[in-house]
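Here it is, the structure in full.
Naming follows writing order (A, B, C and D), and every chain is counted from residue 1.
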C-alpha cells in the first residue's frame, strides 16, 4: 500500500475549515495530523467536528514537527507570504490559498525561499479542477479543434460582499478576476497585454474607495489568441461561471450547472432553476480534488499542477488590469514586472 | 432542363389553400395549372392571391383534362375515397390528405382502383418530412445505435378543437393519434398489437359523444420493440411534438422547437419561450417537402415515400386503439382487418 | 440544542456501508453508535474507515440495547421482514431498505408488528428525495399547473446486472420498476390498474428464467390520470432517469443531469457529456437526505415521509405488472391484494 | 381596406433578388411595380421568376414615375449614397441596404438630401427584426431586469468569404462587425468609446491587405454599461449568432438555433445538430419583416424603426474600431465625427 502523507492545516476560518473537513473525510491519501489557528477556539471547534487530535495556536510548532511533511495555508492573505517562507525554510511541502499575496515583492521573496528550499508549492486555484473546465482544457489542448482564437469567460458573483471585506479585498481584479486570469492562462496560455473597462453599476458605496462592481478585461495572449473576461459582483440568478474557447476548427464551452434539472412548462413558456448561489457549492468537488492532487504530487514527487509562478502571474495580471483601468489604455504585463 | 409536372389541387379549404400557396411559390418542379372547390368563390379567392389562372367547381373537369398529370386532394375526409377512385380511373397521379377515409371498405375500394390503374398514391402524413424526425429515422435505420427497443411519442395539441368539428372528427385516435401511428411505423416498423387507455380530463363535453381528450396507446411491434404514444388535446405551453427511439446501443430523440431562442434569467431562474402554438407553423416546411417529393416521384417514376398501404395501416391502428379502449384489453391489429 | 438520535445500522454491504458513511459524516442529527453484519469482518472494515466504536455480528444485541432508539436495516432482502418484526417488538424506530420483502404475507406480518408496537417505519425509496423530483412534486401538488393528466417515467439502468444477481432479484418489476411505481404514487397518487408489455431485447440469457430487460407499464390512477413507465436494463449513454407530469394547465419535467457541462462544437454539431453511469452517483444526496429526514421524524415524533404502506404498495404493483405481462391483459391492483 | 404602397427595387443581385421575392410573395401591404438592374438580363430573370411586369435598366426611369412611392436600394455599396440622394430629390421613400456608404462625407450628403426632401429612410439592419433579439430587447427595455451592465455579442461567420470580395469589403469592422455595432446600439444605447484587438488567426492571405479574421471590440456605452463583441470569419459548426444583455437584476440572452432538434445519445454522450451555415437561412424571416415594417411606416406615416442616423452611427463605429486596432488604444467615437 502507498504511504500516507502527514499534513497540517494552518488557518481554520471559512476556507480553512472546508479544507480540514475535506482532508479528514475525502482525501484518504493524507493523514491530517494537526490544525492551527491563531484563534485557538475556532480551531478547536473544527477539530471536534472532524475528530482531529492535535490543535495548536502557533504554526511554528507545526513547522518544528519533523513528522509533518506538508502544510496547507488558509490564513488571511496578508500572512501568506510570511508563512510560506517559514514553511519552506522548515522544509515543508506547501499548499497555499490564493492569492499568494497582494504585494509582489513579498511574493518574490516567498518564491525565492521556496526555490532555495527545493520544496513544492501549489496555489489554490480550485477552478482548474472543475470537471467541465478540465474537459474544455482536454479538448482544446488535444488540438482536435485546432488552435485557440477567442476566449470568453463569464464570471459573476451572486452578491456584493460586505463592505468591510470589500475595503480590504485588494479590489475586484485581485479578489475576483484573479481566478479568471488563472483560468485564462490554464486554457489558452501566457497573456501579454490587458485592457480593462469597469464601473460602478450596482453598489454606489464602492465609489468611495475606487473599486468597481462590473468590468470587462480584454486579453492578448502570446500565441496570438485574444480574450474577454466579463465580471459582475451581482448576478441575481446565481453564481454565473461559464467559459468558451473558440478555436480554428471548433469550440469548447462550459455552461452553468443549475440547482436542479426540473423544468416547468406553462402558458408563459418553460422555466428552470437558478444556478447555485454559493461558490462553495459550485466548486465543492474542486476543493477536494486540488488537495488530493497536491498530496499525490508530494507522495510521488511530481511537480504540482499549479505552481508559485502561476500564483504570481495571476497577481501581476490583476495589477496590470488595475493600471489599465486607471490609465484607460492597454497595459503590457511586462510593465508590471 | 427536367420537365415540370402539371398538377391541380382539389379542395381549397384550410389545408388545400396551404398546398396551393406552397406549390405556386415553393415547388418549382410543378406547374399548378388549376384549382377546384365546390365552393367556387373560396377557390377564386385563393387563385387570386396566388395568381392561378384556372378555377373550376367540379373536379371531373380536371380529371378530363389530359394536360393534367397529377392531382392533390384536400377536400373533406368523406369525399377522399370517391375522388381517389375517380382520379385513378382517369389515370391521374394522386396525392391525398390524411386520412384516406374513415371507412375501411371505402379505403380498400379506392386502393384497388389505384392498383388497377397503376397510378401512384401518396398520403399526406406530413410529419415524416420534418427534418428532426428524419434525422432520428436516419440514425435509427443506419443501425449505428443498434436495434430499436422502446419508442416514445409525445404528441399534444395546444387546444381542444371546436365541438362541431369534434363531433365529426372520427374520434381522437382517428383524427389525432393517426399521425403518431404513422410516425411509429415510420420510425420502428409494423405494429402487431395495441392497448389504449384514455379519458376525459380536460373537456367534459366530450363525454357526450364518447370521445376522449387524453390517452396513452401502448404498441407491440413485429420486431419485438415496444412503444407508448401519449396524447392530449390541450397543451397550454404550445403544440408539443417530441419522440424518442431508444435502441440497444444508444438513443435518438427529437425535442421541441421553441418560438424563439431568447432566455431570461432572474432570481426565480431561467425562462424560455413556448413551443409554437399552431401545427401549421410547426410543420410548415413539411407541407412543402411532401409535395415536392411527390412531384419528384411522378417525374422520375419512383415509388412515393408514403403509400396507400401506409394510409390504410394508420386508420386500422386507429380502429384497433378504439376497440382496445372500449374493451379494455390489448387488441391485435389483425382483429381489425 | 436539539437532542441527537442514537442509531445502529444492520447490514454493512453495498448499500449499508453507504448509509454508515453518510450517517457518520453528513447526518449531524444522529449518533451512529453501532453497526452490525453477519460477516463481522465486513462490518469491522467499515467501522474502521468511519471511526465507529461498536461492531456486532448479531443484530439481537443491538435490539436489546436500550440506548439505541433507531435501526437502519440494509441486509439482504429475504431478511428484511424478520428483522423489522424483531426491531418493532424491541420498540425500535425503523428505516428499512427497499423492498420490504418479496413475499406479501411476510410484509403484512411485519407491518402488523410495526403497527402493534407503535413504532415508525420508513422505506428506502431514495429517489423521492432527489431535488429535481421534489421540485416536480412541489409544482404538481401546488395545483399551479392544474391536475395531473399524463405521467411518463423513463428509467433505464446503464448495464445488465450480473446473472447470479438477476436470478434472485425477483424480476425486473420487483427489482427495478418498483422504484418507478413508488415515484408514480409519489407524483400522481394511487394506482388502480396496470398493463405491462415486456421482452428480452438485450440479454438473451434472461429468457432462461423468464425475466425481461425492456418493458413498458401503463398505469391508471384513481384520480383518472394515466401513465407509462418505460424501463431498460441497458442504457449505454448512462443511467437515464427522467420523468414528466403533464397537467391540465402545464407540465413539470425532470431531465437528466450530465456528467459535466462541457460542450464541444465541431463540423458535425455539438457534443455534450453522458449522464452518470452509476446510480449511487446520481442519487448520492438522496441517501443522505432520506436518513436525515427519518432521524428528524423520530426526534420530533412526526410521521415518516414514506411509510410501510408505501413499501407494500410498490411490491403489490410489481406483482400486478408481472401478472399483466404473463396474462397479456390489464390487471387491477385489487387482484393482487 | 388599407391602401397598398407601390414600390420598386433597384439592384437585383444577391440581396436584391431576395427582397424582390419577399415583397412579391410575403409583403401583401406592397405592390412591387418594377425592378431595376444595370445588368438588365439579371433583373429580367428575377422578374420572370416572380411575375414582375416592369423591368428597367436605369433607375432614373423609376424615380421619374409618379406612381412609385418607395424604392428599395440593393445595389453595390459604392452606389448607395448617390441613389439615395437622387431618390430623395425625387420624393421617394427609401429603404437602403447596409452600409449606407463607406465614406462618411457621402453619407452626410445623402442624409442631408433625405432631410431636405422630408422623406423616410430605413437602413437594412435586418437582425433587429429577429424574434429572439427582439425578445431580448423587449425584456431589457421593459426594465423588468434592471438596467444594462454588460453586453456580449458573439458573431461568427461560417467561412472566410472569397478573397476578391475581402479586398473590397472595407475590412472586417465595416463589413461584418457593423451589424454587431448596430445590434449593440439597439440593445443598450449609444456607444462613446471602443477598443479593438484583432488578428489573422485563420486566413494568412488577409495580412496582405491589413484585414483581420478574428477580433474583439470592447464598448463603453453612454449609460455606463460596457460590452464586448467577438467576431471570427470561420466558425466550423455554423453561423454563430448569440448575445447576452446582463442587467442589474437579471440577464437576457439569445442562443443559437440549431439546424434541427434531433439528439443522439451513445456511449460518448449526446450529440445535436450544427447551427445553420448560411446567414440568409438564419435571418430569412427578418428580411421580410424589415420591409413589411418599412411599408407600414410609409403607409401610416410613422418614423422608420431604423433611421439614417443609425446607418451612419454603425459606419462611424467601424472606423473607430479600425483606428483603435491600428493605434492600439481606446478611441472615442467623437474622434471620428
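Here is the rule we go by: contacts are C-beta pairs under 8 Å (C-beta built on N, C-alpha and C of every residue); 3 or more make two chains touch, one makes a residue touch a chain.
Bear in mind that the values here come from a model prediction, so they are computed numbers and not experimental data.
Peer 1: Looking at A-D and C-D, which one has the bigger number of contacting C-beta pairs?
Peer 2: Result: the pair with more contacts is A-D.
Peer 1: Comparing centres built from CA atoms, which chain ends up most distant from subunit B?
Peer 2: A
Peer 1: State, to the nearest whole Å, the distance from the C-alpha centre of subunit C to the C-alpha centre of subunit D.
Peer 2: 58
Peer 1: Averaging over Cα atoms per chain, report the distance between subunit A and subunit D in Å.
Peer 2: Their C-alpha centroids are separated by 42 Å.
Peer 1: Multi-chain contacts only, two chains or more: what residues does subunit C have there?
Peer 2: 236-237, 249-251, 265-267, 273 - these are the residues of subunit C that touch more than one other chain.
Peer 1: Any idea which subunit D residues touch subunit C in the complex?
Peer 2: Residues in contact with subunit C: 236-237, 258, 265-274.
Peer 1: Flag every residue of subunit A that touches subunit D in the complex, lowest number first.
Peer 2: Within the complex, subunit A contacts subunit D at residues 147, 149-150, 152, 154, 156, 195, 197-199, 201-202, 214-216, 218, 220, 224-228, 230, 232, 234-237, 240, 244, 246, 248-251, 328-330.
Peer 1: Quick check: in the complex, which residue numbers of subunit D touch subunit B?
Peer 2: Residue positions touching the partner: 25, 51, 131-133, 135-136, 139, 144-145, 249-257, 259-267, 273.
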